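Each structure below appears as structure tokens.
In the two complexes below, chain A is the common chain; its partner is chain B in one and chain C in the other.
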Partner chain A sequence: MSTQIPLATSTATGELAGTDADSVTTRRAGGRGERVNWPVTIVLIICSLAILVPLYVTLTMAFKTTSQAVDGNAFSLPAPFSVDGFVQAWNLTTFPRSFAISIGVSALTVVGTIILSSFAAFAISRNWNRRFFRWSFYYLLAALFLPFPVVALSQVKLTGLVHLDNPLGVAILHIMFQLGFSVLLFTAFLRSIPDELEESARLEGATTGQVFWQLIFPLLAPMSATVGIFAFLASWNDFVMPSLITSNPALQTLPVLQQIFQTQFSNNYNVSFASYLMAMAPAILVYLFTQRWVMAGVTQGAIK
Partner chain B sequence: MTLLDRNENDMAVVTSARTGAKKRTSHRRVDKTFYAFLLPGLVLFTLAITLPAVMGIFYSFTNSVGFGEFSFTGFINYIALFSDPSIRSAYGFTIGFALVTVAVVNAVAFLLAIGLTARIRAKVAMRAVFVLPMVVSGIVIAYAFNFLFSNSIPAAANALGFGPLESSLLANPNWAWVAIVIVTAWQAIPSTILIYIAGILAIPSDVYEAAALDGASAGRQLRSITVPLTAGYILINVIIGFKNFLNSYDIIVGLTNGGPGTSTTSIAMSIFQGFTNGDYAYQMANATIFFLIAIVIALLQLRTTRGRASL
Partner chain C sequence: MNPKPPLPVPGLSRRSFLIGAGALGAGFALAGCAAPGGSASGVTEISFYVSKPEVIGYFDTLIAKFHKSQARVRVVRDSTSNMSADFVRNSPPDLGCWNYNFSVVEFVERGALSDLGDMPEAATINPDIKPLLKETADYPGRTSAIPYSLTAASVLYNKDLFTKYGVAVPTTYDDLVAACETFQKAGIAPFFNTYKDTWTIAQGLFDYTIGGMVDVPDFFKRLRAEGTKVDAASSVSFQKDFRSAMDRMVQLGSYANKNAASRGYGDGNLAFAKGEAAMYLQGPWALNEIAKTNAKMNVGTFPLPVTNDPKDLKVRVNVDLALWIPEASKKKEAARSFLSFLMQPEIQNTYNADNNAFGTTKNAPPTTNPALVGMQKYYDDAAFYLGASQIIPSEIPVANYAQSIALGSKPEPVLRQLDGDWSRLALRS
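Then we have the complex of A and B:
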């Protein structure tokens, strides 16, 4: 496992996220002037319908009245425009509580992942010449290859045993499943920070703890953003862990709550879609504001 | 390695001269604080991931139902697994589904990545749209698609008089898997596209210029330049995708919940049923087999990425 690869690809991802189209377009110039490639643009627009239509249906269904939602035409615009679905989803289900729990679990996961993995990455990268630290790195990384179903049932057993069969236990497991990926990103980044900075701080008498909090952690900010965004998305969207780990149905997160529309209220499509929309919206909003980090994180994480 | 070791010796000399051989200068002693930084993550990880994995393997050799007394039964669970038709069908379905999905996802994502790196209009907005499905919850979008497959598409097919789609795809034991492939691909294509874009952008532009000068057509450039020069990325995407699709759960729950019958029950689903059905030890044997498959894939992936270091 060559750990310098994430660094090597950062050039490509920097370009990928860049808004300056010229450096990208000249690559496929093929000697044909500066014209916009309209056929490809049009084909891509048509393809994007496959993504936009399901989202359009979710959006419009959510704003329909119950009677319009069952008329069989999913592609029509809401007429009249109604927020009844949202009101009912909020009032009929335990939506507010699940929303709060989802936010709590995601927040804990984000903070815990950033702290624990930047700690571990700092210790590992500064002691790479020591076997214990180097092996710890590979040990944490091994989790990237471990399928969740393999450990799931035993985790259910264990969390029940120590009374963590609740959202707190879910957050801890979310952090642990993010650890490998996040330590990988942080370690790669820490290697690009010159030692000289740290050494001069140490010469002035700073302890390792002070070096980390006052020097390293602030420098890690861009990587913490990537790690935090991925931790948020993974935690917010996760269905399987909360559904297995949390034993009290009243303490479920939003994705698990959506099951209720398959059993109760199954004909109130406007209510169910309003609820789906509210469950999806936070992740989509975070994505819209942080695209650059999301796109770079995928490439860095995959080519490990 | 190289980045980290750089200057270490030089600095060691400087530091030892000034501070009298403390801290980093000594290669025999580590600052204890570093253990305090590493251990919380390491210990929690061991308790939350390693311990359950070891427990699972341990219990797979017993007759435990998940709690209470148990005794060792050797390989009985494993032997039983191989003759269990429900397990066989779960493996058959999951592996077949993963293979088809990998092919679909990679073919579509590769073409889209080529499109998205071409000289198109609104490139940034376009990429934002194509990456969007990645951030949508699998179960939630599966429920939304469930509605489309069971209500909207049959209604539209009825109106157009198109027979095969007049009843729900999800209710058809022979074709429900197609719906699962579609929704899984819908969600998996974005990250695959991003990796392909990185691969395509890593190709030096002068290769294309030289090919164009020699009169190579766009199709010829695709076959002789783009595909061979992104072979490493294709391999990575195929392996990562296959590994992820073997784990499929959320989307299947949202679309068919394993049905009709058990026609779309995945390996993950069959394992998760271990508690409700009281066959914990048995499903742990299943999980252990699944784990072995994952290890083989992981080794393949490591070999691939190591090979890529030279790219």
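Then we have the complex of A and C:
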């Protein structure tokens, strides 16, 4: 049955697990005042600086005045503390509306991706010996090799024809493009759930629906969290698809509206960074609260 | 692995969650259906595309004014749609207010924009400006767009530094070199160049030196007539006709700030606003950026002298905004009424005065902007040209070529490359 172990996932996990183990060792060693693994510590410090420095610049820029924002000192603290950038960004993007639309699209994407791909993965992994299901797995995986820009124009035309040139259409397309990767993760994870569990449920008289919803889906929770986070980030950060698909400017998502802050001829660093900060907040919050499951999900999906 | 006992998940919460998600989706679907309609009770709703971020607020007040003046047409502003996608979907904006440059070429040349030649506004356009539009993109027998705003670019100079060192505005190349020497001796960079951003070189040093020496429209007319074989042997070529201009570019480059190679547009605005250089080769779009740092700066403009004949002085222009109505629009009449509203002299002239631009109509008033008056004379005499870098099709990376000359390559091989690119493109199309 489990002849096809997805290589990509296990490699990725190998790296992740490695980093994790290293950091744990470092922390432990440092805590006891014993030998510190300096090379690893330095690498990790550099890695964390790569995140922290841009974050610091984003934070300080957002609270600067326009004239201070263009003075060429990205690292200076905001001298007159100003929330003007936030006010302008709020008004220019009609923040509450575009934020709600972005949230709506992402929520639909997350829910749709988790449900559809767990359905597909369940069907595929339980019928792996049948050719139709094996091939449909490869078919779904093939979508991983299909970047959106390749099919952009035909999608624009098609969504226009069926009146899906709105956030709903964007969400549907997001689900479609997430499907390949998510089915891959779910299928790998489902292999680790023993068939006997399902058999015992069936002996008790459970239907396939009951088996899935009451047994399998709860067991999939950590992987669902991983899939959900990937789907959320992909959908929340996407620029190209909503900008091409959504025809009504009043229904546009946040990342697309933010493009007006930066043009060839003008820089509005304080306004743009204020806006980026407001847009980044949900992604950071989601990650902070769910990172435990991301790690757990990724490792559980691959270790067999 | 470690199978946990399946937790009894309360069915209701999941179901209500799904219902909620479904309702959200249905809401989007309904909103999508409701949007395209909107022509109930005799009110026509048109979409108006304007993407220049700094003037969005200004056009919003104009839209409000237009709504007050009549009740039949409602205007919805759009600043974020993707133009190509809109045309592919066959739902382009009813009225476009866009740069008239390479981005519009495809739409004009395929006849996607409707003929506005019968509108009275088309007759008020300054005849000197019409060739500029034609040169950028043209569909035979049509007035595809009505120019709204013209920006003229030349050398921005720090008036206070010029007065301090007793330098007069140069009108010949020798004067310019003498002025540069004076500033250099005083320890001030004559020019502030920003080679990091390729477009700043293309629109600045490259276009100015060529426009000051070569008859740009005539050059491209002859070049197109040359067909698919442009090289050193043909009667007209980049290597031959741009050669001396590029030599001037190299000479003037030696008077630039020493760190030009690592400086970008934002750095240039900052340094010029702080008085670190006497001259800055940028268009009026930089004035707003300079004002962010130094709002009271005393800036003037003059065309870059490249020859020793003051008669050759010209300024570089481009049609910054033009109005057009797509063929695919189903509400052309309503779009036309808003176009006429925008073209009223008091509205158009106010826009241009407020945005450092020149008018496009026959009786547009002269500019009173102290930073731009230096160019009024050349505008009146139609001593202007479209930048060569704007006419060369965007398939040829001319800005990068200009950068390599600015950074020290010899002009000959670069110009030879340009000839080759031009020939290959001509062969292909």
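One rule holds in what follows: the second predicted complex is superposed on the first by the 225 of 304 C-alpha atoms of A that agree within 3 Å, B and C clash if a C-alpha of one lies under 4 Å from a C-alpha of the other, contacts with A are read in each partner's own complex, and residues count from 1 in each chain.
The criterion applied here is as follows: a residue touches a chain if its C-beta (ideal position, glycine included) is under 8 Å from a C-beta of that chain, and two chains touch if they have at least 3 such contacts.
Please read these numbers as outputs of a predicted model, since none were measured by experiment.
*Asks:* What is the contact status of A:72 with respect to chain B (first) and chain C (second): first, second, both, or neither?
*Replies:* both
*Asks:* Contacts for A:151 in the overlay, against chain B (first) and chain C (second): which applies, first, second, both or neither?
*Replies:* Once the two structures are laid over each other on A, A:151 reaches chain B alone.
*Asks:* Should A:192 be classified as contacting the first partner (chain B), the second (chain C), both, or neither?
*Replies:* Both: A:192 reaches chain B and chain C.
*Asks:* With the two complexes superposed on chain A, say which partner A:264 touches: chain B (first), chain C (second), both, or neither.
*Replies:* second
*Asks:* When the two structures are overlaid on chain A, which partner does A:58 contact: first (chain B), second (chain C), both, or neither?
*Replies:* first
*Asks:* After superposing on the shared chain, does chain C or chain B touch more chain A residues?
*Replies:* Touching more residues of chain A than the other partner does is B.
*Asks:* Applying the touch criterion given at the start, work out whether A:87 contacts chain B, chain C, both or neither, answering first, second, both or neither.
*Replies:* Touch partners of A:87: none, neither chain B nor chain C.
*Asks:* Return first, second, both or neither, reflecting whether A:214 touches chain B, chain C, both chains, or no partner chain.
*Replies:* So A:214 only meets chain C here.
*Asks:* A:249 in the overlay: touching chain B, chain C, both, or neither? Say first, second, both or neither.
*Replies:* The answer is second: A:249 touches chain C but not chain B.
*Asks:* Looking at chain A, which of its residues have contacts with both chain B and chain C?
*Replies:* Overlap of chain B and chain C footprints on chain A: residues 72, 152-153, 156-157, 192, 194, 244, 256, 259, 261.
*Asks:* Tell me, which parts of chain B touch chain A in their complex?
*Replies:* Touching chain A from chain B are residues 1-8, 11, 14-15, 18-19, 23-24, 27, 30-31, 33-35, 37-38, 40-42, 44-45, 47-49, 51-53, 55-56, 59, 66-67, 112, 115-124, 126-141, 143-145, 147-148, 151-152, 155, 186, 191, 194-195, 197-203, 205, 208-209, 211-213, 218, 221, 236-237, 240, 243, 246-247, 249-250, 253, 267-268, 271-272, 274-275, 280, 283-284, 287-288, 290-291, 294-295, 297-298, 301-302, 305-306, 308-309.
*Asks:* Can you tell me which positions in chain A touch chain C when the two form their complex?
*Replies:* 66-67, 70-72, 92, 104, 107-108, 111, 152-153, 156-157, 159-160, 163-169, 171, 192-194, 197, 213-215, 218-219, 243-252, 256-257, 259-261, 263-268, 300
*Asks:* Considering only the defined contacts, which chain A positions touch chain B in the complex?
*Replies:* Interface residues on chain A, with respect to chain B: 1-5, 7, 9, 12-13, 15-16, 19, 21, 24-32, 34-38, 40-41, 43-45, 47-48, 50-52, 54-55, 57-58, 61, 72-75, 116-117, 119-120, 122-130, 133, 136, 139-140, 142-143, 145-158, 172-173, 175-177, 179, 183, 191-192, 194-196, 199, 202-203, 207-209, 212, 233, 236-237, 239-240, 244, 255-256, 258-259, 261-262, 269, 272-273, 276, 279-280, 283-284, 286-288, 291, 294-295, 298-299, 302-304.
*Asks:* Which of the residues in chain C end up touching chain A in this complex?
*Replies:* 1, 3-4, 6-9, 17-18, 21, 24-25, 28-29, 31-33, 35-36, 47, 51-54, 56, 76-82, 85-86, 88-91, 199, 265-267, 269-270, 285-286, 288-289, 292-293
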